[in-house]
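For reference, the structures are reproduced in the following blocks.
Common to both upcoming complexes is subunit A, partnered first by subunit B, then by subunit C.
Presenting the complex of A and B:
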């Protein structure tokens, strides 16, 4: 392999490499500082990144705004609790079949299994739903979330009803979350460069033209739906092992809005946008929280009244969207900074999206 | 038995009316600017909170709530029209040409803003508000007992629907609104003022929100900063089931969702009753799969090739 070839590969993987590098740098800085509180915040942020990338794989590539993805997070989170809690702890709250009740399965295979379960669910519910487009598809996915949410809230023997299920093993730290984040970044990027990803992205730009070019849109959407459900499930798994507890109420509108907001503020049309959205929104939340708690300017302590954090976040989100209607990244990936040499690997460079009308001059 | 059936029917129609009015408020704006206004539920919530003195105290002191009924109604309507117009001017007008998903997220942010504003000023505890307690008393139609309030809800809804139809068919601005929801660009080219039409749609949605707010508070008697969320959620689902962009569809969808929710609650066996929302949403899913455009599908929304 000559150097041109290596350059080409690096260029092809430039976006995921840079995104992983950014995430890794943040983690290394926090690790070096040794601050365990910040480390928890960062771990939480990394789990959110997996979550938002999961959303992006479907919403970003298909252009269909799905409201129901948190259902897959819910399914993944509870599935891993059934597999990995100790039989003793399970016996307190749950009434599971013997094979789950009497066994405790190893952590990593359980995580994979708990990611696959929502993927299977997504495959089954996706077959009919992926035929829908636009707002009908959004509501249909939301109906799926509402159905699972209601069932899980009342399914006492498996989910401990609406109460908090505690005693899930804690093992997710910054490094585990980092590993999954990097895996999600690479998978999402490689998927969007495959012929399946490109076919789906073409249907996002123009459904009719894509269909005329022979693309089976429901099938392409289904592929992305299943893949994104897997990562949503993994986000649920990570959160369960990070907090050690689960409550059905935590998988409803709050997290749905927050995760969608992160994706759209960053820019729903590119992977870079998804990652940047998580970083920007989490940073805003964290800064406002600190200001609300009070910051010191020399002898002068400055603090804002309680509740300001949420108001500030809402205002900043609207301001960002007014000035950058396609999100902060506007649909662009990380640009390749070293000139326009000949591309050796075929395909793979997503076109910049058409700009919204007011910028198209 | 007859009593039970009438009871269920009245409950169902009354909930259906509230959802139909809320769905209309959402559908009217969606038709013109493709915005799904999630903050509509918070307009309803703000209207209810306007009844009491702003304070974080546990016991609610009535403010507008003790004024004579006509002044009370007009004040709440006026407040919500101002709120709706201000939301349009500040948050939605700069984004008018943006993608519908961006508009939707903006309305989430606005909704989040209003909820937290109320949380900050009034505190998060639910508050009891006795608005027109006399209306909860039942009236007797022969042997059958019906809460007066439900009858009022249905009558008010019908009156508003008739007024709205007259407004849309007979006034200039109403005709312009219908033209704009058919094809916004074309209407603009033919001399319809975009800003005026959209402002009118927001004003009407504010008015509808005010009416829902008063009816809802006098039914439940409590305030909470999240009270608008379930209403807007079901109304949103109703507009889609009815057919996005169609006002008849919004009303129809509101009744379908409201009625099915009450009926599922009444007829399901006890152990499945906890899951009644799941059944409503399963029905929604089914309707969408059979008729992806909703019950009344609109030509203007289908892509022309």
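Presenting the complex of A and C:
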């Protein structure tokens, strides 16, 4: 493998490499500062990154705006609580079957299992829903969230009803969240480079032409829906092990709106947009939260009334939608800064650089 | 460049046929296609013409699965494919272009072609390779990485044809490919169309209003008017057919 070939591979992986590098840099700076409060904020932000990448895998590639993905986060979060809480703690709140009630399963395999459960659910509910298009599909996904939200709110023996379930092992810190974030970035990027990702994006651009080109749109959507549900589930798992508690009400409209806002502000048509959206929106929300809590100017304390976070976010969304309907990134990935070199297609097939106009012919 | 190098992608049986038997299509009482029968052979350029509203595009929609015929059958290589979905027909060797071109606008040119190749079941590696070959054949390789929505109109149409060819079709249906092209672009188009059968081993159904293009490349022509067949034959036969002249120009006296 010569150096030009290595360059071509780096170029191919440029977007996930740079995104991971940005995330890693933020984590390293916070780690070096030793500020544990900021570290928690960053961990929270990384979990949201996994969440929004999960959303992006489906929405970004299919162009179908889905309002119900938080259902998969809910399913993943509770599944991991059933698997990893100690039998002693489970006995206080839950009335589970013996195999779950009497056992405490190892953390990592439980996380994977709790990601797979929502993926399976997505597969089943996706078979009918993925045949729909446009607003009908959006509303149907929201109905899925409403169904699971209602079931989990009332399923006392498994979820402790509408009360807060506590006692989930705490192990998610900045580094664990970072690991999953990088994994999500690379998986989402590699998926969108596969033939399945490309086929689905073609249906986003033009459904009629995609069908004529031999693309089975419901099947392609289902693949993305299932993969997306896995990462939504993992975000639920990470949140459960980060906060140590779960409440069904935390998986409803608030987080649905926030995660969609992040994706739309950043730009729903690119992975870079998804990550940028989390960073920008989290930063703004965090600043507004601090101003709400009050900041000191000498002897003068200034504070905004409560609710400004939501208001600020809503105004930001409106401004973005008016001036940049496709978000901050406008559908672009991280650009390659080193000019026209040899390009490599996703299939590994290399193409010589196009000649500059004046040298042609 | 390599515009003259032949690239045979598929070796289809020379007896391959795309046939339509007694097809009619009704839209809520309006008969758009009335009992049309035609047959396109492998490796020929077959013209379908008719005045505006004659039902040409409806017929293409029937052939490609976007419109179910009210009555009649469509046969591909002797197999009854009536009522198949568009993507299934696409996978079985029927590809088309659109009057409105319908490129995947936000994607690069090469990916527009790759998608069609993927649609026939190829992996990305083979799909990229085939797409680049076709772009080279069309002398369009230098724009492989341009976003489709940045292309001028004539080039968009060319990419549309490339996309249809990337499916390595048994039959390719070109829906008014010359619409809006300049004379020079029409000449390029004619040279591309006439080379398709030998280089891709497929049949071509060409729907067109531009008579210079139709007469220049078609071996056989089928004329429909108000959904009905009014003539069939070679270009010279069609040019001199009184029914065709009447359909296009109207007549002073009946």
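The rule is simple: the second predicted complex is superposed on the first by the 336 of 361 C-alpha atoms of A that agree within 3 Å, B and C clash if a C-alpha of one lies under 4 Å from a C-alpha of the other, contacts with A are read in each partner's own complex, and residues count from 1 in each chain.
By our rule, contacts are C-beta pairs under 8 Å (C-beta built on N, C-alpha and C of every residue); 3 or more make two chains touch, one makes a residue touch a chain.
None of the values given here were measured: they were computed from a predicted structure.
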Partner chain in contact with A:9 - subunit B first, subunit C second, else both or neither: neither
Partner chain in contact with A:96 - subunit B first, subunit C second, else both or neither: neither
Which superposed partner A:198 touches (first subunit B, second subunit C, both, neither): second
First, second, both or neither for A:284, with subunit B first and subunit C second: neither
More subunit A residues in contact - subunit B or subunit C: B
Partner chain in contact with A:133 - subunit B first, subunit C second, else both or neither: first
Touching partner for A:216 - first (subunit B), second (subunit C), both, neither: second
Subunit B versus subunit C as contact partner of A:208, first or second or both or neither: both
Partner chain in contact with A:143 - subunit B first, subunit C second, else both or neither: first
Overlap of the subunit B and subunit C footprints on subunit A, listed as residue numbers: 208
Complex contact set, residues of subunit A against subunit B: 65, 128-129, 131-133, 135-136, 139-140, 142-144, 146-147, 150-151, 153-154, 207-208, 253, 257, 260-261, 264-265, 268, 305-308, 310-311, 313-315, 317-318, 321-322, 325-326, 356-358
Subunit B residues touching subunit A - in the complex, by the definition given at the top: 36, 91, 94-95, 97-102, 104-106, 108-110, 112-113, 116-117, 119-120, 229, 233, 236-237, 240-241, 244, 274-278, 281-282, 284-285, 288-289, 292-294, 303, 305
Contacting residues of subunit C [partner subunit A, same complex]: 64, 66, 85-87, 90-91, 95-96, 98, 102-107, 110-111, 114-116, 118-129, 132, 141-145, 163, 167
Subunit C-touching residues of subunit A, taken from the complex the two chains share: 193-195, 198-199, 201-202, 204-206, 208-217, 269, 331, 343, 345-349, 351, 354-355, 360
